Amino acid sequence: MHADQDGPVRRWERRSEIPLFAASLLFLAVYAVRVLVHGLPAGWRNACLVVIVVLWSLFAADYLVRWRLTGRWLGFVRTHWLDTLVLLMPLLRPLRMVRVYTAMQSRRDQPRLSLHARVITYAGLTSVLLGFAGALAVYQQEHAAPGATIRTFGDAVWWVCSTLTTVGYGDVAPVTWGGRTIAVGLMAGGLALLGAVTGSFSSWLVQAFRREDENDEDAAGPAAG
Amino acid sequence: MHADQDGPVRRWERRSEIPLFAASLLFLAVYAVRVLVHGLPAGWRNACLVVIVVLWSLFAADYLVRWRLTGRWLGFVRTHWLDTLVLLMPLLRPLRMVRVYTAMQSRRDQPRLSLHARVITYAGLTSVLLGFAGALAVYQQEHAAPGATIRTFGDAVWWVCSTLTTVGYGDVAPVTWGGRTIAVGLMAGGLALLGAVTGSFSSWLVQAFRREDENDEDAAGPAAG
Amino acid sequence: MHADQDGPVRRWERRSEIPLFAASLLFLAVYAVRVLVHGLPAGWRNACLVVIVVLWSLFAADYLVRWRLTGRWLGFVRTHWLDTLVLLMPLLRPLRMVRVYTAMQSRRDQPRLSLHARVITYAGLTSVLLGFAGALAVYQQEHAAPGATIRTFGDAVWWVCSTLTTVGYGDVAPVTWGGRTIAVGLMAGGLALLGAVTGSFSSWLVQAFRREDENDEDAAGPAAG
Amino acid sequence: MHADQDGPVRRWERRSEIPLFAASLLFLAVYAVRVLVHGLPAGWRNACLVVIVVLWSLFAADYLVRWRLTGRWLGFVRTHWLDTLVLLMPLLRPLRMVRVYTAMQSRRDQPRLSLHARVITYAGLTSVLLGFAGALAVYQQEHAAPGATIRTFGDAVWWVCSTLTTVGYGDVAPVTWGGRTIAVGLMAGGLALLGAVTGSFSSWLVQAFRREDENDEDAAGPAAG
């Protein structure tokens, strides 16, 4: 994904990644407060809006800095299409978590998790964050619509769970066009991620059984000798 | 898929592919206008029909030319069953997109996308086009049926999304036999394609994590030395 | 699956496989006539029943012959559990199709399909036959039940399609315990088979794109030389 | 999963595994009796409760012994997070079945099943036990709730089947928050396991077809010589 391996872009990314991730979690939290807390006084509501705007400006600044450092123009938008998308829809920021994960891993000098465990952790966490953001956005669109079945935030969370697992009971489902558009985006993003979780778990299980075979053969070897 | 690698068939295909793809997009567009625009004057409706018939004759002509060039008879129908199917149901033409993609790739002397990225792009685009064609056809069958839940084109698109992701809420579902037949065809075609998207994304993610491991080892090597 | 490779069991299986497969298709057809044709005179109904019993005796005889030839007792039931299951529930006979397929392939001296194409063909055909048998059995259980949503055979087929693809709209669903038990069996058998179809299609697509790469490199090689 | 391969922990685990698995099956059975048998006299109800508490103490004692033997503190909780989870929610104990399976396999000096067959057996059995525990827990939460669609244990089992296969008809679905929470846990645990079953079946099928190719080539070899 990076054309430049050790240049200034890379250095900037390594330094800005964790602060920006903290900012995006804060973004999600403030957005959640604004959407979920109903009796919020007007002053607090405005404060939330200000924080949201400030944080978004931060994301935009980071995007511009990286654009500048790369020295390319339209090519940057194309190769960094995920960053562009995330800038336009900040609720999708969890999708960029892979970099934070990498950055945190390379700081701590810990033994790494196995390959499959890391894919499961990353894809699982990302889909949980994406699902939370999706539940917030759908709740905001739906809760006051006429004929809506998603009336509480709990309904929205239940709907996200039944959607991302592709179970789809249909007891709650979005009815507004805004809610349905968000739903389609959530499906597109979340299903691929959860497919990666399931696939990696399956591979890990097969690997665990295979390793067990080899252990048994090792154990059997000396005993027979 | 090709018994003949460099013969006249291959040359014909290389030249005709992109014009034919443009024709099939036009076909889809004209069909969409005819189905979706309700107050269309009779003159325009007939014009649409004429364009549809002309385009279909073009597809039939291409099929006949290729049949001739191959010099085989029934064997051609069997080995080119996808082309035969696509000729009979022109809305399925997007399924032939793989050739257009190949043709465009070999013209532009660009560096290629990685294997998984290409599978995702191809299977994703194909299922989007197939889903659009399916939504049009189901809308045409259902929108005036008594007891139908798919009443607007928006409903049809929402239904296609919830079907192709296998979520299947059931809030909207086809009720006529025509609509259900199209639905089964759409499932058969689309699910395999989307399975390919999910599977490739999963492989790509595992590969990205593995590559990262190797980069870290390379970086650690000289530092330790 | 076979402990014995060339003994008399193998010879028996090779000879009896295709007649037995024809018998099982006939079984399915006669069962379908009995279930689907409503105004059937009593004489014809009884004739159908006789044919069903005779065919089932044939299956039982084949099972006993093979048991005898193997010369084992309970071990046979365990290693041939699929045959035992199929004997008890003859509608599941399509699951044994793999042997017929093998038998037919080894008779015709034709070039084989590729590995993935064969898995898709086998698993696809098996799940179509299994789905048809399941639709018949569910229709028989449900069509007269109070509060049933599966009222016609068309409904049953539509239900099987939406179940095997895991879409599950829920507009039609079994309500009797008999129908639900058959549904669970159908899910258990059919989903694994369709998963194999989707997985193989995905692998085949990746392989097709990889082969194309290699062709391009071969073509580029001499041109550059 | 084990940091220590042959120490006292390992010996303890090898000896305690099968008694503990028997205890966990008993736990499930007694819990089932308490939930499902409605006219149970108060004396029996209390006896069930006592058995449940005693068995859970046994699980807690095993956890403490292993914690002690390991000689680590918080590290134990982290590396054995599955054991910790299973201690807190004893209905999830089937998830630990992999060890029992291993223990039983290494006692009997039988030829092993193939790798894929073992993954299918393990993941299939685990999800059946998990599904049964989930059906019990959901039934307990839902059966008396106002507006519930899961009214009998049969409904709960049908719901579990349609959920774990991701079909999700929606004719029965949990309506209480307790029931929905259990449902989400069941999805998270069960779908990954069933994905492993489907994936392994698919791999096994491809392998079976490949082996058949090789057998044919072997058979063709001497015949041609």
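By letter and in written order, the chains are A, B, C and D; residue numbering begins at 1 in each of them.
The definition used in the following text is that a residue touches a chain if its C-beta (ideal position, glycine included) is under 8 Å from a C-beta of that chain, and two chains touch if they have at least 3 such contacts.
Just so it is clear, the structure is predicted and the values come from calculations on it, not from any experiment.
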Per the touch rule, with subunit B out of the picture the rest is one piece
In terms of CA centroids, furthest away from subunit C sits chain A
Residue numbers at the subunit A-subunit B contact, same meaning over half shared and different meaning under half, come out as different
Note: subunit C sits from subunit A at a C-alpha centroid distance in Å of 41
Rounded to the nearest Å, the gap between Cα centres of subunit C and subunit D is 29
By the touch definition above, subunit C meets two or more other chains at residues 166-170, 199
Per the touch rule, the subunit A residues reaching subunit C in their complex are 166-170
Touching subunit B in the complex, subunit A uses residues 1, 98, 102, 106, 112, 115-116, 118-119, 122-123, 163, 166-170, 173, 175, 177, 180, 183-184, 187, 191-192, 195-196, 199-200, 203
Residue set of subunit B touching subunit A in the complex reads 154, 158, 161-162, 165-171, 197-199, 201-202, 205-206, 208-210, 212-213, 216
